[in-house]
Amino acid sequence: MNRHLLSASDLDRDDALLVLDTAAELAALTDRAVKKLPTLRGRTVVNLFYEDSTRTRISFEAAAKRLSADVINFSAKGSSVSKGESLKDTALTLEAMGADAVVIRHPASGAPDRLAHSGWIGGSVVNAGDGTHEHPTQALLDAFTMRQHLAGGKGDLAGRKVTIVGDVLHSRVARSNVLLLSTLGAHVTLVAPPTLLPVGIETWPCEFSFDLDSHLSSTDAVMMLRVQRERMNAAFFPSAREYSRRYGLDVRRMNALPEHAIVMHPGPMNRGMEIAADVADSDRSVIVEQVTNGVNVRMAVLYLLLAGAQLGESEGSDRTAEVVAP
Amino acid sequence: MVRVSAARTPDETRTVLDAGDIARALTRVAHEIVERTKGADDIVLLGIPTRGVFLADRIAECIHQIEGREIPVGSLDVTLYRDDLRRAPARALLPTSIPTGGIDDKVVVLVDDVLYSGRTIRAALDALSDIGRPRMVQLAVLVDRGHRELPIRPDYVGKNIPTAKTEKVLVHLVEFDGDDAVRLSGQPLEES
Amino acid sequence: MTVSYVIRASRPLGGPSVDIVISDGLIAAMGSSVDVPVGARVIDAQDCIALPGLVDLHTHLREPGREDAETVLSGSQAAAAGGYTAVFAMANTNPVADTAGTVEQVWRLGQQAGLVDVQPVGAVTMGLAGTQLAELGAMADSAANVRMFSDDGKCVHDAVLMRRALEYVKAFDGVIAQHAQEPRLTEDAQMNESALSGILGLRGWPAVAEEAIIARDVLLADHVGSRLHVCHVSTAGSVEIIRWAKSRGIDVTAEVTPHHLLLTEELVRSYDPIYKVNPPLRSERDVHALREALADGTIDVVATDHAPHPAEDKDCEWAEAAMGMVGLETAVGVVAEAMVSTGLLDWAGVAQRMSVTPAVIGRLDGQGRSLAVGEPANITLINTSRPYLVEPRALRSASRNTPFAGRSLPVSVWTTFYKGALTLDEGVLVGQAHNEGSAV
């Protein structure tokens, strides 16, 4: 494992399986009398959240606390951050407080990379969602959930077919999932209107399609992405109704899925938009399970990043310029 | 726990226990457990992964042959309780499985391959206390090599093997390594 | 009494070595064995190429308004250190250079600094707002004698306004320098739109946003018979459009920045805003097209788009950071690496593209002249035996935002003469010897 978890691409197959296997062992410990483990005693984890995301913050907080780390929640609201303090000065403050790991959620893509590589802090950085870039722990918990249901809770996801539907363009969940799931051997298909697929999608390690119905019968897991109604105003699609009709998962479409297929959503859901309420609440839906698995996966990440010796950065300096050869 | 390296060539090592020695040692340990626990009525064997689990299985089988009863066997990974985690990169967790019936008010016999500093057992005692409250905890090891760093002593010992700290004790078990043997490698004790 | 100099054995435009005598601000003599005037200082330049003093059509000096980033003086020093004897100061200051008073202020500050010609560029529209023409004639008639007008930093995107501006400046032989960026296609854009922008989750800046404006503008320039200059061309598609326009006889000129000749979007992977610039770093294919276009004359000039920013505007997350790179002090070295070392351009070609043609486009008298007896002594000596290791702290600009930190460029600027006076003396700024703390 690298010292930081910034992108799902930081994880090769062995690393990814190590995280998932560790999470599985940790999950097995959760029904014990004493849930707390002493492993990260004396270590400090800072949750640095520049965006409201109660569910992700709580998940990381529970994970860190179950491993006995000291947790400091640093939310942009009501702090010096909202008074214009720079990311750099905040980072220097956290470093002075002795943060061993910083879990950062930030609206700017790449903010965790900046934190990790600028020399502002010495601890590990965990990306808890940055802009429209990545959300690697979400991908890990999704892979964990799929593995439980589709692979007997062991090994990789070789040959499993995953369909991810919705606003891929703005989705950090989709980016991280494509990278991690392809590392684990799954076949990923992204389905969205052409306006919501990024330029260069053909270079991603996955398939893409504009038509949802043609993929349902061969899907082992379908993941619905949140679509913000505001996108409508920016002409990404004509209306919420049209979006829902073409790309929403309703009961008819759910019934077209194979018997064993599961329905996933990273939350928070727009019921009636990308997913019908009856689908979200059906027994195909593993959405609540995803939340549970989130804590175990995040415990695994914190354990693997923080419990061992700090081996120093494995990455080299970023300053070597990329230049067209003369 | 002593990490075993399979890469050593035979001429660097000397065998201190062969398969027969190991079998006899475990049989004797099983008898001692039955005797000391007055019939092993409410004992639970918890092996410390990796090799401790196989040893626990073998001891349980011996007791089964002596007493004609199935003995509950589980595994107890102590990684999350170790005090030396920060000396090495984070390691993979190994399985913990507690037999149905739990450990409350039972006599738990921890089983490990080699007893050395005692730190693994210290971690195991901490892990146990988070799982339940046994009536008594005992310790069985295949090899006691000395050099304790904590006030911990085994209740059942397959073989006491005095060693130098520069030596390594290599335990091989058929279930994991393909053969049964205990070997020593490295610089032996100076004999002046 | 003025000091005389003899530049010994330099190679003008990379040709045979000659001696050059400078006296009374002019080139007094040139030859293989010239007489050394009494009291003249002899400068050994046998490792040096002599070029006419460089002219930068695109410099941000930030004064008035952002003197923390750069001043006319510090920018002039950076220019002299980079071998320049003239810079065109862009209009996006605060207040905007959209009146005769403001351009004259900048021009006077340049005169006071006295290190290079500081030639103000006037804004096309009031406050760069893109709605109402600035008083272009008044700026042209002012002491600053403005001939180039640009809303640089913003695009004159209103087609009618652009047409009128192109037409209006014909009255005084002006030129509109367009920052070609369709605003709606680039709202909140962060980097070149490509497969990489998709992976990095940064809002894309499509090439078409630049190309669409250039295509429109060359057609407008053709229609009204005016001069158009295209700032910082960055895409292969733009090159094709300009090549087409020139083949049709349209009066369009274009510039490329040194950084777009060397760097690609791959650098953005680091999310280090030192590589954030407008227009953005593009693909390797674009870089090759730009080099080729500069070599074949489709792109006329190299202009730095020197854009100083204080450290705090770069020491932050990508989306928050300011766009721009300093460039005056690294321009020659980067062009040498991208164009000369590659065999695409000889030093005469460099002189044409970094001195002669920029002065013609900007209608700047006394600059970009040939190295000949009787011409003003604006001369830059480029040392080809001393690489230049780029060290941000050693930059003379008030800002340090260079993307070339730590790089070794194949040549260094050795000595600069501005109107016969030394402004850079063997790598040391004249009058600045004690600022660096290292020179004796």
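Letters A, B and C name the chains as they come in the text, with residue numbers starting at 1 for each one.
The rule we apply is simple: contacts are C-beta pairs under 8 Å (C-beta built on N, C-alpha and C of every residue); 3 or more make two chains touch, one makes a residue touch a chain.
Since the model is a prediction, treat every value here as computed from it, not as a measurement.
Among the remaining chains, C is positioned farthest from chain A, on the basis of C-alpha centroids. By count of C-beta pairs in contact, A-C exceeds the other of the chain pairs A-B and A-C. Centre to centre, using the average C-alpha position, chain B and chain C are separated by 75 Å.
Work out the mean CA point of chain A and of chain B, and you get 40 Å between them. Once the centre of each chain is set as its mean CA position, chain A and chain C turn out to be 45 Å apart. Annotation for chain C: no residues touch 2 or more other chains. In chain B, no position touches at least two other chains. By the touch rule above, chain B contacts chain A in their complex via residues 77, 80-81, 85-97, 126, 129-132. Only residues 86-88, 106-111, 113-114, 117-118, 130-134, 172, 175, 198-201, 203-204, 318-319, 321-324, 326 of chain A touch chain C when the two sit together in their complex. Chain C contributes residues 190, 193-204, 206, 262-264, 266-267, 269-272, 284, 287-288, 312, 315-320, 337-338, 341-342, 403-407 to its touches with chain A in the complex.
Within the complex formed with chain B, the chain A residues making contact are 1, 18, 21-22, 25-26, 28-29, 32-34, 36-39, 67, 303-309, 311.
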